[in-house]
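Shown below is the structure under consideration.
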């Protein structure tokens, strides 16, 4: 990272969608917002690759499209070569399209089936009036050969090519306008292993030769590790951790990064790494969890310092709290009453028959009684008020650690001794981000 | 006798463009409780093998010859009635896309208990009880309540659990899992693989896992068959395939996966692409992409042989590592001069990212 | 050859394969004459494939031939003169042929019905006269059916073409832009759909009066609705394709995105629907004619012919109604065969029959 302005700088990017609604809802303005991207900042230098990883629905594709203004960002700025492109007019934007391009995940649907390869690549040249006449054909030929295709196939239609070849055509189309920056939206996810390696190598060769910067979006951490200079791990619209691959894979790690990494199946039959199995699936972005968005699945939620918890017990209590919040406990299906019912609930929730801390045990018992009466709100309130943890109340910000920047309270000195002091977050993070402008997303709303 | 023995299976598809040899004299076996992996790229004929086992190959596909013996009985000679009682009851299938494998207009509970009632002849209440038990065993919380939920009310991972529950409901002896985790996120994939592993152990069910993901195979399978263009090119216990691959295609596959911790700059690739199955290269199908190919490879079609003795393979009775390459029958003048090294054994502490010292974070 | 030296580990990326030398493949001459060919013959688009499939569908070809024959018979039944208002060539005859055995308007010397018999053909020169018999005014029904095709068929084709011209742009705009425009257009469609098709057409004719172009207008008013609806739905799904996003990312203008990338890929179902509805349009036109709201009673439009012979059938003069009715039937049947053929041609999966033999021979 040099001191000069990076090629692309994204600051506090937000993209909200309106959830599905019908005519009447629209008339009455009764719509819910889906926070697909919720305050994301990063930068990409010339000729560098930023990998963006996350599970489906984390907002990584929305970022790719918003950065190019293929979808209008809800808020935030995108500076390309120092110019804020979110303020550009349509015609200014059209000129900028020459410099920013995109390649897609699905090669079948990213090429118009009714146009020949010649037309597909030629369209890019025509729009920007780049080459005409004989030199147009020559340029198309050159582009096809550059991406490793037989130039004599220019008059064929997309359905005549294999997936890997189609992806090469898509890359040729993006290259046609000679861009300095390309968003690669899962470009190899739909390809076979050997073809995937070919395309990754091609992308790297192009970067070396033409100095193109990539925003490389993928769900596969091993692919991103291979190609990226910087990796950002996303969870529910926010960046959980960002850093170089070495930093990312070295501790300290965001618990989500840790879990994501551990879940990748290693192509080595003798590998026996520890799996961190996350519970459940990603919560809905319509109604995301408060505080740290990962706390509902996090195996390392900070326990309250006033009570003594075993990690397992604490996890079970959190799970009880989460399910009380969602009212997701089918009390009526347990064929029991009174003490038997609470015992059954304990079993269902993996709670030990008695917590090690007697005070905490009392609270949990009371909460379980509320649950047994199906008073979920009471149980939830009781648990959240008694067992206060910053993970559910304060949103963590990205702060610099020994390895990369991590958005997790575990690495916040204010919470080093547990969660007794719930006021520290937010006011004056103890870190400075050095040259990285637009340090941390400060939470959308 | 193994539980499942496939012998010289030939499946052809008669299309307008020509005859597609989807599998060509395919033989393998699966022992009771074994986890057998079928690996290959798209179009290698992986899925056809599983559909053939269930006799679900549709027009214009035809099983031309061969035998599929399940517990000694030839599936291909069964009548429709016997076949129906076999499907779902003794052999069950798990598909890639759980969203479409479930019928959206019935509750998941009905879909499970339907299979149970049909195959096990239980009455409605007993079937319901068993369905709930099965749902619980695949880790669906509040199974009794979710029994009456519709598929769309489940997340992708949970839908795949339901599909697995349906497969398990009649306690099959063999589960065919066709890319069961491909459509899932990696954290969910880990959950599902663990679940499959648990149920396979618990119910002593054999699993034929079809996948393109070498990581999944390494983690899950006991033995592997690598397929290329309708042929098995290598069949061996999983460790041999990964640490000592004997077919150039396997070597190419192994070298083209990006591995975390491998800091080499370029990935190795296999040049070109898989031939379409209508017009195949002569001799060894892989020769146009193989760095070790010689003139003889274009003339002789290699058969699966024992890599140590060079004798024709006997996949039904033997566990030996077999590969279909002329190098193992002495018909190749050169040799397969690739090398597989295992970091940390010969040259200890190569810096992988896990052990790498984190530089650069502090000095900015 | 087994891995006895390896041990269990928690470190990733241990296995490294080297020496799989790709350059050797790329630098050597191909070992065999086999070429990694593309999947099909060169340069054929989907339309050509659809045409190939259509050509193999015999029923559809039969339908197309029937329609072609009917159109030719209508065109060449009587000579065509350009109208007097036509510049330069006013009054010129552009089509001199006259296949109809008699002038469709010419009444026989003896006014009245005449049964269709082969004898008539033989005994009454010129040849072929009264093959289908004569109507109440003694006019040759065969000639009238041939000549009447000019109205019935052209109403079908023109009304559908004009309905497409209205429906496709409106549906495209609604689908592509969405939002308020979409809401407005689709609510209008919903409203018009709330009227029965025929009632709406009758209402329009009641306002405008009877006549050829009035009839077409009435058919267009109700006819554009399905196209707008279908094309909107198609566009909603086609515009999600990444090639549309790619065109936007290249800076294409909206007009070019719609006409070049979206419409060509959204047209197939509209074409199928349009083909099928030529038949229904002809039926509706005939129905309007039958209830007396079509063309003038003197014209030979098939529906009108049925109308004026309403009571003839009851009195045993079956031929007066049968042949115009058969003409309508044959045309609609033929157009439906073609329509089904077009649909199958665009959707090759649809026609595969599912046999439950599990692939066994």
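By written order: A, B and C. Residues from 1 in each chain.
Methods note: a contact is a pair of C-beta atoms (placed from the backbone, for glycine too) under 8 Å apart; a residue touches a chain by one contact, two chains touch by 3 or more.
None of these values were measured; they are calculated from a predicted model.
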item: Pair with more cross-chain C-beta pairs in contact, given A-C and A-B; value: A-B
item: Relative to chain A, chain with the most remote C-alpha centre; value: C
item: Where chain A and chain C are represented by their mean Cα positions, the distance between them in whole Å; value: 49
item: Chain centre separation (chain A, chain B; CA means) in Å; value: 30
item: Numbers and ranges of chain C residues touching at least 2 other chains; value: 3, 6, 9, 11-15, 39-40
item: Interface hub residues of chain B, defined as touching at least two other chains; value: 239, 242-243, 252, 254, 259-262, 268-271, 273, 354
item: Shared-contact residues (touching 2 or more other chains) in chain A; value: 162, 266-268, 270-271
item: Contact footprint of chain B on chain C as seen in their complex; value: 1-3, 5-6, 9, 11-26, 30-32, 34, 36-37, 39-40, 352-356, 358-361
item: Residues of chain A touching chain B in the complex; value: 1, 55-56, 162-165, 192-198, 200-201, 204, 219-223, 225-226, 243-250, 259-271, 275, 277-278, 281-282, 328-330, 333, 348, 400-404, 434-435
item: Residues of chain A defined as touching chain C within the complex; value: 23, 65, 68, 70, 93-95, 97-98, 100-102, 104-106, 109-116, 123-124, 127-128, 153, 155-157, 159-162, 170, 173, 177, 266-268, 270-274
item: Interfacial residue positions of chain C with respect to chain A in the complex; value: 3, 6-15, 38-40, 42-47, 183, 241-243, 245-252, 260-261, 264-265
item: Chain A-facing residues of chain B, complex; value: 41-42, 141-142, 144-145, 155-158, 185-191, 193-194, 212-219, 238-239, 242-243, 252-254, 256-262, 265-271, 273-274, 353-354, 356, 358-362, 364
